[in-house]
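Order of writing sets the labels: A, B, C, D and E. Residues in every chain begin at 1.
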Amino acid sequence: MMGAIPVEHGLILAGILFSLGLIGVLTRRNIVFVLMSLEVMLNACGLAFIVAGSRWEQADGQIMFVLILTLAAAEVAVGLGLIIQMYRRFQTVDINVLSELKG
Amino acid sequence: MTPLDYAGYTMSAGDLIPLLPLLAVTATSIWVMMAIGVKRNYPFVLGSTVAGLLLAALLAMRLLTGPAPEAAPLLTMDAYAQFFTVLICAAAVGVSLLSHNYWTEFDDQREEFFLLLSLATLGAIVLAGANHFASLLLGLETLSMSLYGMLAYPVHSKRKANSHALESAVKYLILSAVSTAMILFGVALIYAETGSLAFAGLGGLPAGPGVGFSVVALLLVSAGVAFKLSLFPFHIWTPDVYEGAPAPATAYLATIGKIVVFIVLLRVVVETRSLGIAPVVIVFSLLALLSIIAGNLLALLQDNIKRILAYSSIAHMGYLLIAIIAAFYAEGPISIEAVSFYLFAYVVMTLGAFGVVSLLSSDALERDGISDYQGLFWRRPWLAAAFTGMLLSLAGIPLTAGFIGKFYLVLAGVESGLWLLLAALVVGSGIGLYYYLRIVYRMLLPEPADAPELRQGNAAFAIVLVLFALLVLFGVYPASLMSLIQGIAL
Amino acid sequence: MILTLLIALLFIGGLLAWFSERINPALPRWIALAVLAIELLLMLSLLSATPENGWLAAYNHAWLPRFGISLQFAVDGFSLLLLLLTAFLGIVAVGSAWSEITERAGFFYFNLLWTLAGVVGIFTALDLFLFFFFWEVMLIPMYFIIAIWGHENKFYAAKKFFIFTQVSGLIMLVSIVVLAWFHYLQFGFFSFAYQDLLNVGMNRSMEMWVMLGFFIGFATKLPSVPFHNWLPDAHSQAPSAGSIILAGVLLKTGAYGLVRFAVPLFPNAAAEFAPFAMTLAAISILYCAKVAFAQSDIKRLIAYTSVSHMGFVTLGVYAWNELALQGAVMTMLAHGLSSAALFMLAGALQHRIHTRNMHEMGGFWGRVPRMSAVALFFSIAALGMPGLGNFIGEFLALLGAFQANQVLTIISAFGLIFASVYSLWVIQKIFHGKYSDNAFDGSRLLDLDNREMAFYAAMMAGLVWMGVYPQSFLDLSAPTLQALLESQAGAAAVGALQP
Amino acid sequence: MMLLFYLAAVVAVIATVCVIVQTNIVHALIYLILSLLAVAVIFYTLGAPLAAMLEAIVYAGAIMVLFLFVIMMLNLGQNTREQERAWLAGRGWILPALLAAVLLAQLLYVLSGVEGMSAPEQVGVMAVGARLFGPYVLAVELASILLLAGLISAYHLARKPGAEDE
Amino acid sequence: MLDLIWLLPTFPLLGFLILALAEGKLAKGPAGWIGAGSIGLSFAVAALVAVSFLQSGLESHTVPIWTWMSVAGFDPGINLYLDGLSLVMILVITGVGFLIHVYSTGYMADDPDFSRFFCYMNLFVFAMLLLVLGDNLLLLYLGWEGVGLCSYLLIGFWYDDPYNGYAARKAFVVTRVGDTAMAIGLFLLFAQLGTLNIQDMLHAAEAEWAVGSALPAITALLLLGGAVGKSAQLPLQTWLPDAMAGPTPISALIHAATMVTAGVYLIARTHTLFELAPNVQLLVAWVGLITLLMAGFTAMTQNDIKRILAYSTVSQIGYMFLGLGVGAWSGAIFHLMTHAFFKALLFLGAGAVILSLHHEQDIFRMGAKRKQLPVGFLCFLIGGLALTAFPYTSGYFSKDEILIAALEVEGQGLWLWLGGVIGAFFTGIYTFRLFFVVFFGESRGHHDAKEVKGLNIALPLFILMALSLFGGWIPVPLDAVFSHGAEHEEHHISAFMHGVMIALPLFGIAISYLFYGSGILSAEKLMSLPGSRALHRFWNSGWGMDRLYDFLFVNPFLYLARVNAKDIIDAFYDMLAALSRAGHLLIVRTQTGYLRWYVLSMAAGLVALIAVGVLL
């Protein structure tokens, strides 16, 4: 019953999602949005792995996805922790306040 | 439905022996975590961390000369990996001792720093042995995850007037995540093409001209790696993160955080050098060239020592890349030896330089302005001498290990005929001298009248002196290290 | 063994001098003096050694076996001459610093001795890696000497000195490595030993590039136009002891390198390059003489004259015949003494009246006749007065160079005219004319005391000796130079443009 | 199945676009969850049921809830819409979008040539599990360490200042 | 006895060393004794040597002292070579030199730097002796440069006045131009002939080079360059008049009697070379002729007593060059000797006059001084007559010999002769212009002048007067040196020619008398003629040579020095530094601190990377 889907299409979808995530990271000033966009990018990577794994009929793709999931979870946890601290200090989620270090 | 195929994979106790350093560090982490849970005791935590890391270093040193282990699916703890494990653990011990003094008056929980430090070290060791993209990912992210915590460590401190640590951590986190995504996407593409996630599988990439796919996949990975190494144009985070973070964390990031990526990179290059995908090599050359020039130029008129060191590290990564590129061209072991030696020297000198900064800094105040060092030569001659030694080593002047490292790089470059890159090395070193000498000169000036008291720190001072001694020892008589490195070559 | 002792003694002596300051601030200079005196005696003892394979003394010990690098030291007559010069000028420098350097004296003498250790290493090392090692080692203490005890613009000068020499040094390092790499390709093992590398063959363009790398390294130290710009700044800003070492000894390392390495290692490329090198030499001679004349800072002036004089060395070396080489060697020795003395004088003046600006001076003869006479002596030595060492060197260099390249020799000979212009100008501005102490405290303008005179007298005696009986020096360097020439039998006509 | 794939793909893309242009953060989060769920469907169509499950549970579930907590904690949402709109206005979009478009074009250029089909067979939980606890057993352990590191970092950072753990 | 010639330079050297090491602490008495005495001893030795040399009948005698150096076949020795030529020279140097030293003890008696003066003087004599005794060109060159140095030191002896320093440097630098040419000549000679030993070199040249070929011409030209520099001949004559800034005994010794004639000595010494290059030899003659005429014109327009004598010196050396050029080797050297006598006399006499008049040098501020300064008057009378070649004075014999030889030159002989005779006519005019203006007419200043007393001043003057009058009968033992030349035969010229040669100088004296002695003719009237002022100015400035050289060489050099004082090459390195700095400032602006910008840079980097990778 499984219709074969071209790997090409899966990877292109992943690429689109990846690019969209990147746009989000690039354009949003709200750091929460930035973090969410990052999740989109990581998710796109996971998708790519699944696509690749299904091409080879291997479990490795899914395993990589699981690892990415772990990573994403940890990243979000730490990231949100930082966001909380940032909000505490600046009362804003505007990422541009973090620009004291430069030159 | 694929059959259960782990039946074919068994793991015996013997397979664990090469992993002993890793296990030792893990045990240290757990032990420290439990110790914190029971009772917070700063000296004890520090002592445990140092002891555990030392143990790991000793184990690795013991294993270094032992028989080569069989390749495990994720980690190859061969002599190459063990050598760098020793280096990593030793460096981690150094950072621990450096940070002792730094956190003495910290008004928040101090102990987790060491916990994070040992976890980061764990990630670093994994990278040293990684032969698979999964372990690469895990090692890299364990390292990064711990570093996020370390970079932002004083975030609750009321003693600290600014939010630089937080800023540094946020920047690092976001950018690092982006770079991780790049690596992952690239790896996914590679996997889609080769069906293997082991480095050895890279050989399955279609090579030859016009293979855009392989190039793009490799370049995606390269871009991520370039970020971790802070190569131009992915270098931009480096100074901000270095400057904002507490000095010991910076020291960790600048030494271990950098070299592990190179360790992996070298392994990957050795696996793939038969590929000879010209565009990738050219891109690497370009990265090296631009990094050398940009890094040195950026540091030129900088007044913040941590930033200077950050920029100079960009250049140094460019120098190192010369040897990596040489490894693409030449079959011989020289480029690998060159990378190994240079990494060793780089750890010693960078750790030493940041060690001096750490020693003089505290969680409340980073002493990283160039003017803070005015007259240091007359106030703390040995410290200043050590710092001078580190800077001269970074500049590649003889009597220091940095010179031998540079010599290796030149040799590797000559072997492969990388004249343009060697020219960049020469020019970059010339520019580099300017800012290194600026610092040295500041230290030579008479001390200012209103100079504040300098912090003391015995452990950190001892570490700096030990590093200085190593620097000179391996600058004058590196033969033993050379032969060791010759033995571990991949 | 004596060679390692020579170097070790300086390193250890330096450390001793540094630490002894805590015991007594006057101790470092005595230690430095003692160490250098012992050095001089040790070197003199080598004069009576019987040569073995052309070497008066040799030492060889493995150092970095991975690349065939060894601690290979050896001394022949040529290097011994330069060693003697080094030790002698070292003593002079200590004498010059004796009362001038009062702050952080221990560290000063440490740096002085370490610089000299580097120089001694350069003159004795036969392994190219080792040579380069010492080549760079001497920079750091010299940097400190300029940067700590220098004058108003010391950081700029010290930095410039360091960057110039370091960058050119790196270029040379690349060349050395290329050479060693070719040795590896040809013979299958690494070696940085001089004798091994002499056998390396390379294709034409590669040999030229590698030779150029060496040339740039040495020409910067020498210095030759257009790599000379570090020198006026370094010399004018350094304390006089530093200037003495710089002008008297450090510059000679570049010349030594040209004679010992840059030409013999690359006979064909050097032959091809000789006209260019000689052109650079001629430009150095004339151009820097001209620039020297325009200086008002006396130390800058002397610095430029140094460049001009070292042009004769380059000219002589690239003429590559015995006359010219002997001329180059004699110029090195004589210029070592005369420029050191002139810098010492300039330092003495600055120490007394706190200015180097010649426009603020004048008519000193009446006030300080001794100093004036001494200055006159060394000025006329510098302008190449026959009977003094500089003349012998320059004349022989030109005489030899004439056989290799007539046009450039004739052009270079005009340097003799310019030399008289600037030398006499100095005498005129400082010692002749009307005396006026508007610009400085005239009561501090004291004549040379007996201690100072002793040093000058020794240098004067040396120059006269070289001038009237140069044979004692020529005999010492002749075997080396002849051996070098013979080994180049195939390329004996380096630079010969005659039809 | 193929239809499902393309349908889900369209949903995922649209939802993701909504995420990045949305001014109300809560709405954005909902779109993100939608996107993740769509991807979960895609996983399923690609024969990765375990991944699909985890995507839905862990990603769309746990992680997004975490986001929600923080959003609530920081009291973002309706009242910050104006500000978000202001931030999003202007030409700040052009360059990033252009860059991303170029990147996408580059990716499309190389990806469009890839041969091969996804396998019709499912790689089920068993297979994944066997592999995970076979050769990848170290990875599992290391992942736990990664989580531990994340945990400790997050703990240290997100803690209220002064809240000692006595 | 002959082997003792090494003592000859040794005494002055010892004198120099003693005076130098005494650092001026010696009292004037001992200093004077040492200074003059050393030369006296030398003269004694020279006399003994002369006697024994002439008795021995040797052609030459070499005394090796030590090998200077020996490199690759180049082995010049510190060897002294004595033959007739050098014998004449050492006698002149030590003899006249001794007299001048004695004179100086009186002349310089009041100078605070008395012993420094003698120190330099002794050094000079030492160097001059080496110059003439050296058996090889390198040793000659040593002496050559040594005398140049002493000349410099002594011209600038009174260093307070920057003008003196200027004159000294000018003298040194201008002669160094010639010296450099000579040095190049040495290089060429060594490269071609493999030796610098003069006799060996000359033999080799004769053997290897054909007459009229290029190489001897080039070497002869280069040596001539040295000679014209040292001997103040065209085109390097400009330094000598300025050199009068030194004390007058210096002018007598160095700038009249000895050093300036070194060029003549050099050419005579290497005459074989010039004979191999007839064209160059003829050039020597023309250089001499033109110089003597130009200097004669200039001398007529000068007002400074020493400058008049200086130009006259230039002119007389011109005669010597003329003599050399026409092959009258002996005549030239003979004239060198007699010129040493009478010009030393004139200068020392001028010194006495100047000293008596409190350092007044302008002849138009003197006048009618024959009563007040009888000795000076006598000096100028005798010296002037000898200078104008008044029959049977010393100058008459030597000048005659030269002019007669000139006449015999084929082709251009008449012109050379005519020029020389006209020059002699001018000599009469300017010499007696000086004479009449100073000693006759009305007193125009310094009415209370009193002659300086002192035997040490008077005695040398009287001896020199005697020599000037009777020096023409001294036989010079030069035949052996120049024996192979063809000119050694009795000259016969017509009585008319001879009459002209005698009459013209007298005619010159007469004109001078008409203008300056009797006032019958007036120089002022002459000056009011159209164009004469400009001509006067032109001649007065030495034919504008100084200004020409300033324009051609000095000013461009000074300009270049000034504009490039900072060394243009430095600007290149500064530019590199500035470039780096600009690069830094440019690139550091990318470090904005804004996170989104950082991500953007990464994304851009990725895009660029892929673009590069794919395009490659």
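Quick note on the criterion: a residue touches a chain if its C-beta (ideal position, glycine included) is under 8 Å from a C-beta of that chain, and two chains touch if they have at least 3 such contacts.
What you see is a predicted model; the values in this text were computed from it and never measured.
Touching chain B and chain E together: A, C, D.
Of all chains shown, C has the CA centroid lying nearest to the centroid of every protein CA atom.
Remark: chain B and chain D have CA centroids separated by 30 Å (rounded to whole angstrom). Each chain gets one centre point, the mean of its Cα atoms, and the points for chain B and chain C are 42 Å apart. Each chain gets a centre from the mean of its Cα atoms; for chain A and chain C, those two points are 64 Å apart.
One inter-chain figure worth recording: chain A and chain B are separated by 26 Å, centre to centre, where each centre is the mean of the chain's CA atoms.
For chain D, the set of residues touching two or more other chains reads 96, 99-100, 103, 106-107, 109-111, 113-114, 116, 121-123, 127, 130-131, 136, 139, 143, 146, 149-150, 153-157.
In chain E, the residues touching two or more other chains are 588, 591, 593, 595, 599-600, 603-604, 606, 610, 614.
Remark: the chains found to touch one another pair up as A-B, A-D, A-E, B-C, B-D, B-E, C-E, D-E.
Residue ranges on chain E touching chain D, taken from their complex, read 600, 603-604, 606-607, 610-611, 614. Chain contact summary for the complex, chain B toward chain E: residues 170-171, 174-175, 178-179, 182, 212, 215-216, 218-220, 222-223, 226-227, 232-234, 236-237, 239-240, 278-280, 282-283, 286-287, 293-294, 297-298, 300-302, 431, 434. Contact residues of chain C toward chain B in the complex are 62-67, 104, 129, 132-134, 136-137, 139-140, 143-144, 147-148, 155, 158-159, 162-163, 166-167, 170-171, 173-174, 177-178, 180-181. The part of chain D that touches chain A in the complex is made up of residues 1-2, 5-6, 9, 12-13, 16-17, 19-20, 25, 28-29, 32, 35-36, 39, 42-43, 45-48, 50-51, 54-55, 58-59, 62-63, 66-67, 69-71, 73-74, 76, 80, 84, 87-88, 92-93, 96-97, 99-101, 103-104, 107-108, 111-123, 127-128, 130-132, 136, 139, 143, 146-147, 149-151, 153-158. By the touch criterion stated above, chain E contacts chain B in their complex at residues 580-581, 583-585, 587-588, 590-591, 593, 595, 598-599, 601-602, 604-606, 608-610, 612-614, 616.
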